[in-house]
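Common to both upcoming complexes is chain A, partnered first by chain B, then by chain C.
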Partner chain A sequence: MTTNVLMFYLFSSVIILFALLSIFTRRILRAAVYLLFVLVATAGLYFMMQYQFLAAVQLALYAGGIVVLIIFSILLTHHIDHKFENPRLVNVLLGCGIAIGGTLLAIPVIRSFPFKAHDIAPLDPSMQTIGNQLLETGKNGYALPFEVISVLLLASMIAAIVIAKKGK
Partner chain B sequence: MIQGIPLTHILIVSTIMFFIGVAGFIIRKNLITMLMAVELILNSVCINFVVFNRYLYPDQLQGHFFTLIIVAIAAAEASVAIALIINIYRRFSSIEVSDVSEMKN
Partner chain C sequence: MAFSIYDFSSFTRSIDQGLNQVMSPGWAVFTELAIIGLVFILFYAVAGLYLVYAERKVCAFMQNRLGPNRVGIYGLMQTLADAIKLFMKELIPIKKSDKFLFHLAPYIVTIAAFMSLAAIPFAKGLHAIDFNIGVFYVMAVSSIGVIGVLLAGWSSNSKYSLIGAMRSGAQIISYELSVGFSLLTIVIFSGTMQFSGIVESQANGWWIFKGHIPAVISFIVFLISSTAEINRGPFDLAEAESELTAGFHTEYSGIRFAFFYLAEYINMFIVSAIGATVFLGGWMPLHIGGWEGFNHAMDFVPPIIWFFGKTCLLIFLIMQFKWTFPRLRIDQLLTLEWKYLLPINLVNIVIVAFLVLMGWYFK
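Presenting the complex of A and B:
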């Protein structure tokens, strides 16, 4: 068993284990920290696939930004040792039933489809390639989604400030 | 691609993660934990895009850019959602879903 395979199974077990924990823990702050572990392990998967820029974005934005935002809002709205009541049994059964049923339905379909991994020379996902493609308008260009996403970010920033501002 | 790992294994991991997110969305009745479950779902979809890009079309970067854009949208969504949650908390002193039902009746 090579290091690659070992690392992959390590990351996937971390992802699944901590995702389960973040759903089932009764302390909300711990749930946020478990979510952080899941996101960091996902960044590890991206590193293993040699998308370093994407992994860095995942670490900086998700693990650094969104989790900190969530933890701040938890601290603003809950006591630090707040514990949930146990969820209703109907909800637990419904949620677990849908999850297990969906997984059992999806996995055989995935396994039966003959995916063929291509061995063509991979495009080097360096910063230069990413930057060029992000601002290109022709083939393999993503200038329009880039502009749209920047407008969306501006709009959501203004919206968040307006909503959270203390009214008179 | 990751040497020695077939595509289906990564897809199975992301499928399990997706359905854990769905289960969390149904089980929990707290707005912040529901937001966290949505983040799990988005993250598993991101893994799918990246894996398909890397294994099936390694000479392009479409899945890569899709994931970049999903991450940006997730950040925008989280910021607006948390602003709403804090506003709800200010008004109702609680962010349990069952307590926020003023427009129901």
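Presenting the complex of A and C:
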């Protein structure tokens, strides 16, 4: 049990540390890499909860997909010497004020929620269960969101092709 | 200590019990992790070095040469000597590079290779992790390796490196899709993504025989697209030495270059091992449904020899590709993936789903 707690704090501190670093760094590609560490550590948390499917989705979609796309676009558009300028003092103070205010607002709300360990039997997240849920139309089914997202992706794909064609 | 070359599960369990008797469960887990890590590091180094040796020998054989033959018998110590040389070489610092990312990149590539290596079942009861989503896990962690390649190319601040990285990024991202889909056909056949389950399902025949035509099609697609995914063979335009010197690792020297080089060969081992496990039965001996005597005779060959035999066969095939076919252009490469392999794969998956529904395959 103590090893679990230790691992949890390890992953959480990695997440918080690199999340802060990715905001405060002034080189854009480093920010993307710090974001990668945050996402991988989140996947580690899922692995710790023995929910391997979500962890693998996290790795494949966020770490292997979105971060790669971000890095790709940085590679195409930015030069290595490029650094962001330090923001103006007014903006820094304003941003800090809003962040602290938001935290002060959020913490009491989170603490007022009674978190307790539930005693529902764990669901087996096997391939069959996930596949059935994904195409289920009844309760807890994901058939409608699945189809809506498919249509949305198709629309954006067609739009991307139209933009890339440049009216030839 | 119960030890059998045919089934390692009792061996690993006895180690686990032994450790739990001497120390607390938490420390036992840590010790096991450390042991497994050491075993994998050792395997990584030895397999990587000897794959380099095998590559040089195969290449020499195909070009009617002898290859390395001075250091040790048949030159067996050649790559070890090369590794020692690389260790002692000076690491050249690059001016105006992004130092942090430049140093980080080889480790990302290596870590991604390690993570997928962990999921491979080497023999019965001899695998580090066996998730119920094994195939998907390997696809997910192997997609992280490309980040190391992209970072290496960018942070070197060199045009060769950047072009190499862009090419290999585009290539890996597109071919990952085909690798995933071709593995998916066998997942549909076997009804599980767990590697141990996939191997067990081939106890009465390997999927490439049981799944007949669609399995053969997806095996061929797997071979082509995985060769492309590991930046090898006719698809090595990311490091096309005649135009880009060495692609994304042009600026790396000494042991950091060796990290990239080793990871490349270990990735070749990984895709061959995955292909052998999914299509050719992994550590499962050659069984034919109904032939009891034949199956029994085949069981005498230890599973670990079956596994490495099949893997080496696939590695040999992939090496032959490299020394047989001319290099593709980038547009030919993308055309092959998006206009041929992907549509073939998608149609193949529909056919497989239909076959499985109707039961038209050897059970």
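In the analysis below, the second predicted complex is superposed on the first by the 158 of 168 C-alpha atoms of A that agree within 3 Å, B and C clash if a C-alpha of one lies under 4 Å from a C-alpha of the other, contacts with A are read in each partner's own complex, and residues count from 1 in each chain.
Just so it is clear, a contact is a pair of C-beta atoms (placed from the backbone, for glycine too) under 8 Å apart; a residue touches a chain by one contact, two chains touch by 3 or more.
Here the structure is a predicted model, which is why all the values come from computation and not from measurement.
Once the complexes are laid over each other on chain A, chain B and chain C both fit without any clash.
More residues of chain A are touched by B (comparison of chain B with chain C).
Once the two complexes are overlaid on the shared chain, A:L29 sits against chain C while remaining clear of chain B. In the superposition on chain A, A:T2 makes contact with both chain B and chain C. When the two structures are aligned on the shared chain, A:G64 is found in touch with chain C, with no touch to chain B.
Contacts of A:A19 after superposition: chain B is touched, whereas chain C is not reached. Once chain A of one complex is fitted onto chain A of the other, the partner contacts of A:P145 are limited to chain B, with no touch recorded for chain C.
In the superposed model, A:L75 makes contact with chain C only, not with chain B. Shared-chain residue A:A56: touches chain C; no touch with chain B. Shortest separation of chain B and chain C in the overlay equals 14 Å (C-alpha atoms, whole Å). Touched by chain B in one complex and by chain C in the other are residues 2, 57, 65, 72, 74, 76, 125 of chain A.
Looking at the complex, you find that chain A touches chain B at residues 2, 4-5, 8, 12, 15-16, 19-20, 22-24, 28, 31-32, 35, 38-39, 42, 45-46, 48-51, 54, 57-58, 61-62, 65-66, 69-70, 72-74, 76-77, 84, 87, 91-92, 94-96, 98-100, 102-103, 106-107, 110-111, 115-118, 120-123, 125, 129-130, 133-134, 140, 142, 145, 149, 152-153, 156-157, 159-161, 163-164, 166.
The touching residues of chain A, counted against chain C in their complex, run 2-3, 27, 29-30, 33, 36, 40, 52-53, 56-57, 59-60, 63-65, 67-68, 71-72, 74-76, 80-81, 125-128. Touching chain A in their complex are the following residues of chain B: 1-13, 15-17, 19-30, 32-33, 35-37, 39-40, 43, 46-47, 50-51, 54-61, 64-65, 67-69, 71-80, 82-87, 89-90, 95.
Residues of chain C touching chain A in their complex: 26, 29-30, 96-98, 100-101, 104, 131-133, 136-137, 139-141, 143-144, 146-147, 150-151, 153-155, 157, 162, 165-166, 169, 173, 187, 191-193.
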